[in-house]
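Labels A, B, C and D are assigned to the chains in the order they are written; within every chain, residues are numbered from 1.
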Amino acid sequence: MVNQLLAVDEDKVGKARELARRIAQDIQREIDQTTTVSVERTVARLFGIDGTNADGVPLPNVVVDQVDQDGQLHRGIAFWLANAVVALDQPPQEVAQACARGLSLCSLEIQEPGRVSQVMEEYTRRALKAIKKQRDTRTEMKARLGTGPEPLKYVIVASGNIFEDVKQAQAAARHGADIIAVIRTTAQSLLDYVPYGTTTEGFGGTYATQANFRVMREALDEVSEELGRYVQLVNYCSGLCMPEIAAMGALERLDMMLNDAMYGILFRDINMDRTFTDQYFSRMINAYAGIIINTGEDNYLTTADAYEKAHTVLASNFINEQLGLMAGLRQWQLGLGHAFELDPKMPNGFLYELAMAQTIRQIFPNSPLKYMPPTKHMTGDIFLGHVQNAMFNLASVLTGQSIHLLGMLTEAIHTPHIGDRILSIENAHYIMENARDLGREIKFRPDGIVQKRSEDIVNGTVQFLEEIAAVGLKRAISEGFFADVKRPTTGGKGREGVVRKGMDYVNPIMDAMERELGLVSAGEGGQL
Amino acid sequence: MVNQLLAVDEDKVGKARELARRIAQDIQREIDQTTTVSVERTVARLFGIDGTNADGVPLPNVVVDQVDQDGQLHRGIAFWLANAVVALDQPPQEVAQACARGLSLCSLEIQEPGRVSQVMEEYTRRALKAIKKQRDTRTEMKARLGTGPEPLKYVIVASGNIFEDVKQAQAAARHGADIIAVIRTTAQSLLDYVPYGTTTEGFGGTYATQANFRVMREALDEVSEELGRYVQLVNYCSGLCMPEIAAMGALERLDMMLNDAMYGILFRDINMDRTFTDQYFSRMINAYAGIIINTGEDNYLTTADAYEKAHTVLASNFINEQLGLMAGLRQWQLGLGHAFELDPKMPNGFLYELAMAQTIRQIFPNSPLKYMPPTKHMTGDIFLGHVQNAMFNLASVLTGQSIHLLGMLTEAIHTPHIGDRILSIENAHYIMENARDLGREIKFRPDGIVQKRSEDIVNGTVQFLEEIAAVGLKRAISEGFFADVKRPTTGGKGREGVVRKGMDYVNPIMDAMERELGLVSAGEGGQL
Amino acid sequence: MVQQIRPYGDSWGDGQVQLSFTLPLPAGPKAREAANRLVAQMGLENVQIVHEKDLHGFTFFIIYGRCRHSVDLNQLPEVEADEQPMGFEEINAFIQERIGRRIVVVGACTGTDAHTVGLDAIMNMKGYQGEYGLERYPWFETYNLGSQIPNEALLQKAVEVQADAVLVSQVVTQRDIHIKNLTELVELAEAEGLRPRLILVVGGPRIDRRLAAELGFDAGFGVGTTARDVAGFLAKEVARRLERGE
Amino acid sequence: MVQQIRPYGDSWGDGQVQLSFTLPLPAGPKAREAANRLVAQMGLENVQIVHEKDLHGFTFFIIYGRCRHSVDLNQLPEVEADEQPMGFEEINAFIQERIGRRIVVVGACTGTDAHTVGLDAIMNMKGYQGEYGLERYPWFETYNLGSQIPNEALLQKAVEVQADAVLVSQVVTQRDIHIKNLTELVELAEAEGLRPRLILVVGGPRIDRRLAAELGFDAGFGVGTTARDVAGFLAKEVARRLERGE
């Protein structure tokens, strides 16, 4: 399916993959011994706990914080909830409401293990069933309505108000957008809870809440049926609440999630152990829910130089791939990220962009690559910006990318206005149809600039992965290997929410998913 | 030098050239027996006649009309002027002024042939010397200052006011324009005289006058020295005054001229004999002056469909080439025209555009091809239009075009505003630098869409030329072979200005140029 | 109820507008100040000069701002909606029945205008965007005079063939040359006493109803017009005049 | 002499302006009429709606028109010209000589803003567009606190290190969040009595002098700023204050 416009050395690719696997396994071994407040809140959510206490604190936080303060989280919230369910003969939601009124979970008498297990199994079964139902609905709708041709046109809405977002998302879909991403409000990633209910007040984005997910999914279902094309929904499974958002997205039928193994560490200064542990469970849920993840390597190029640091993007793609596979994701769920971020003033820059995009395309032939538009070098010159986006659109269709984030001519000015989005869709539509089969028509010269650049990137990647493997991923990050950013191995936000699993730790949801996803033993890697 | 991205069948190209040569020779035989009022006015101008009579009628018209009314033009104006110069012992300009006051040239006594010849030789020598001087100046300036890299960025100014044009031309040059074309006011082409002096009132363009040529050339010389880059000047050597404008351009150092063998017939309904005769002398002057012509095949696609009628463009390129060579132009002076005019909604349209542009490029490797931007399918959507222009810019640099007319985002709205032009230059500059060597990097698949389309165009062209050769060019035009336009062989404007040469006809300028250009006998074709 | 309509960027009432223009001033704080004052006079607030390009003696600006003005939806006149147009068959049937003879039209690109593609799209067989041109309508008799026709010649032909309608195309609009041409045509028709018995129609990419009416035409057609729109209008208008006995 | 400046399309005084916006109305004659009225209120004449796109319930317009307004060149205040900035060496020499001690600056992206690239471009070693950052200046002592710093924390640090100046970066401006943040900072500094002894500087792509002054800052820097611009300003400002004994 993928056009072989370049020669890519399969031995080197194999080597890179093997190095990445070793790097990922080191991390995975640590992950297997750790849980976090967010992982536990996710279990609580999947057991049916929702809503807030009188102060507006979400009930999953109420129960987990309580057990954490009692120093009992190493056993897993599932145990404490199930124990309470048995003790009080009330469902988890009522237990949580009781906690909000003062009930202490760890003060309840420990119940008969068999009955507790039974309760855990029962609520796990319900949770998985709900997720599966949404997955089946998606499968049915995609089959019945179809999706647009790749590259899929992906646009963002970010008005801050979910109801304005809906109008704009529907207008965009009607004009050809295949995927709608609701951008999250500034700094939600650092909130150690997920806000509740529909919201109308965000800055640079709209709060990710379960209610907002539902509102937008309904609006897109409506427009999908109207258009006879399944319009996909994206949000951010990232930050301090990664796995919780995965659970919300699974329940509300999101189709894609921004979800990266390292983004939180690098760009939000979140603690490493916290991030790695959270990403594992979040990915497992995404895997189970049939959600496609979008990794965030494009972000490296907003702080580091796109020409000099191209190999760091590819290396990170390999690492994200391995950590993803280990969490149960399949190749078709790995929307590995890269970006069109070379300085437009660079002579022959377009050739280097093509080299990068085509190389990644050939290395991950079965993954729905996520290609990001120019952002860093966009300026207030909206006319030139629109042309930069045109070249990006061309690069994308020429190299056969999958998930194509439309560049906005107003990138340097504001989050997109309704008209900007339509102009971008028209730009992409024109170019992608007008040059639809260009990628089948050409080959790059074996001794040319593009081929040479591709080889340099692959060589640089292998060497870079060797260096990381030598010191380990955590130290590599702490030494600024990625994105020109250094993060201390033991610092960062959310560190206090990391808990070492006890001998008696139990997470029935994770266990069930691992079983169903065929993850015989985590840390040993998944399946391609 | 030209990249061979496609396979072009050299035999077929040879055959097409041979057919075109036969078609052109038929026409050339007729041309050799004909003169026109415009040809004669050109001789008068080159003998130094300028200015107007009291009613504003240009003096070249005054003298030629007088002789024509006396039925004596078949002898050539040169003879009558030289005769008067000898008779009155006054230079041609004073003779002309006397005519304006009532002197009748044909009433003067016929002078001694030797002295008349001597006078003709003297004024011919002066005219050729003046032209040569401008040619040498251009050669010197181009060598000293250089020109931009190809594709050369060509923009138009068209304010109607030569002094506003100057401001805009200088601004454009300072932003990277290599070539400035001053668009002519609506319908000047149908004036059977050239207006006099600087002008400030045109519609959709500015009058082509010798004074306006001079004003603009001076302004561009100034900016050329400032920038260290020779900025070229273009005007229209077209319409009822083709050879006169050629003479004016030669004297004022224009660098390029829109000049086509058939445009006037097809698009201005000018009489065929008039056009063919005028184009011959006009081209000879351009040849002598070292001016590059730009042919007008792009215009076919404004009335005919660009996909269906691509072969008519290529066929016309061959005919223009042969008629040009027969008039003394060299390959490097033949800016053969074509255009990016496919419907942007056509699937894979860009591939067809590339096929056309690359095919023409390979067939005329030594000619400075003139590539026209999208015009017909531009709309009021300036943003999408800017992107259409971007794709055109890419096609141009990829296929190695020479003279690149920048598309304007406001093409469907108004003649360019000063800001539009700058946006277009930035668009082209970005793309041409960013994809500078793309044409060296790729090859088209031998069994692909692009190759196939190229073959179809070449085959269509050969067949089309065969059909034209069978009926002759004039009948072909009368039957609507080109541009979906039919023109009667004996109709059209300016027909009354066509005069059959007498046995005693003399045109010393033409004779001298033919000699110097090595045109042993016209009708036998020039040199490659 | 007042319903104030403002431009919409990404939320109701935000008034967001983009604009661009060039000032004949060298780039710098003075040009910027002049730009700011101009857009303030236009009624924009929260003005952002997002791009400023030095054109040597001129400065090109790209600006975003919030438009203070608004339009009350309820104060907008009930603008006549684009009528559901009749089809080819329907129009011919209508003419046959209600008029009973062919409608005669004469068309031209007048003045120095040589842009025939638009007029041909309306008048010639082939038509435009899949719609036949007037020539193809059995109940129309058409004369397409082509390009660069003086107003006098056009009216003369109209008289000669006893035309019901005159179709004028005007594409070049620089320095308002079309306004001059079109005004002249109306005046000429009036001077010659032809105005009452001719339906005057003008078309072109910069033409709309409003402008056509202002200039004294009976109808104006812009971008994207097809022969069907014109044929339908003419059929109804001729019928109306017949009925009124005009 | 009055010198009326108008936008320039292709001739003096033609007033040509391009604009685009979306109206929250379905496409059709009503939306068109609303668009026409809006641009008329803005003072545009000869209005051409050159493009109109139906966004289902919304309509996007591209419009050209002639701006009736003008600005009298002679009425423009002598806007202070962008001063010829000092160079790296010159600035250091100036501080050494006129101030005699290092200038202390504390910088941060405040509030929820995490866009550090701009502030880093000014403060860090590496700098921007070939110009060193403040950290590289021997006569500056710099503290870059990074992203998402609350205003309180920033001022606290300023007090702690006895800063001369506080550098704030604000990139996110949606719903005027930057105005809120910046106003809060000034109020806080005033409430704590720090305002007189601190030079408050703000930067970001949507910041300019005018806005900075309005919000009570001593300077504002926008797109394309380099450390040199900031260093030069601070050197002169600290020197000026020293001389006045502030």
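One rule holds in what follows: a contact is a pair of C-beta atoms (placed from the backbone, for glycine too) under 8 Å apart; a residue touches a chain by one contact, two chains touch by 3 or more.
Since the structure is predicted, the reported quantities are computational estimates derived from the model, not experimental observations.
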item	value
Most distant chain from chain B by Cα centroid	A
Between the pairs B-C and B-D, the one where more C-beta pairs touch	B-C
Centroid distance [mean C-alpha coordinates] between chain D and chain A, Å	35
Chain centre separation (chain B, chain D; CA means) in Å	51
Length of the line joining the C-alpha centres of chain A and chain B, rounded to whole Å	60
Residues of chain C engaged with two or more neighbouring chains	8-9, 12, 16, 18, 20-22, 48-49, 53, 58
Chain A: positions in contact with at least two other chains	158, 160, 379-381, 383, 412, 414-415, 417-419, 423
Residue numbers on chain D that touch chain C, as the complex places them	5, 7-9, 12, 16-25, 28-30, 32-34, 36-38, 41-44, 48-49, 58, 67, 69-71, 73, 76-77, 79-82, 206, 208, 210
Contacting residues of chain C [partner chain A, same complex]	8-12, 16, 18, 48-53, 62, 64
Of chain B, residues touching chain D in the complex	158-161, 164, 168, 379-383, 412-419
Interfacial residue positions of chain A with respect to chain D in the complex	158, 160, 167, 170-171, 174-175, 186-187, 190, 203-204, 267-268, 302-303, 379-380, 412, 414-415, 417-419, 422-423
Footprint of chain B on chain A - complex, ascending	344-351, 381, 383-384, 386-388, 390-391, 394, 409, 423, 426-427, 430-431, 433-438, 440-445, 448-450
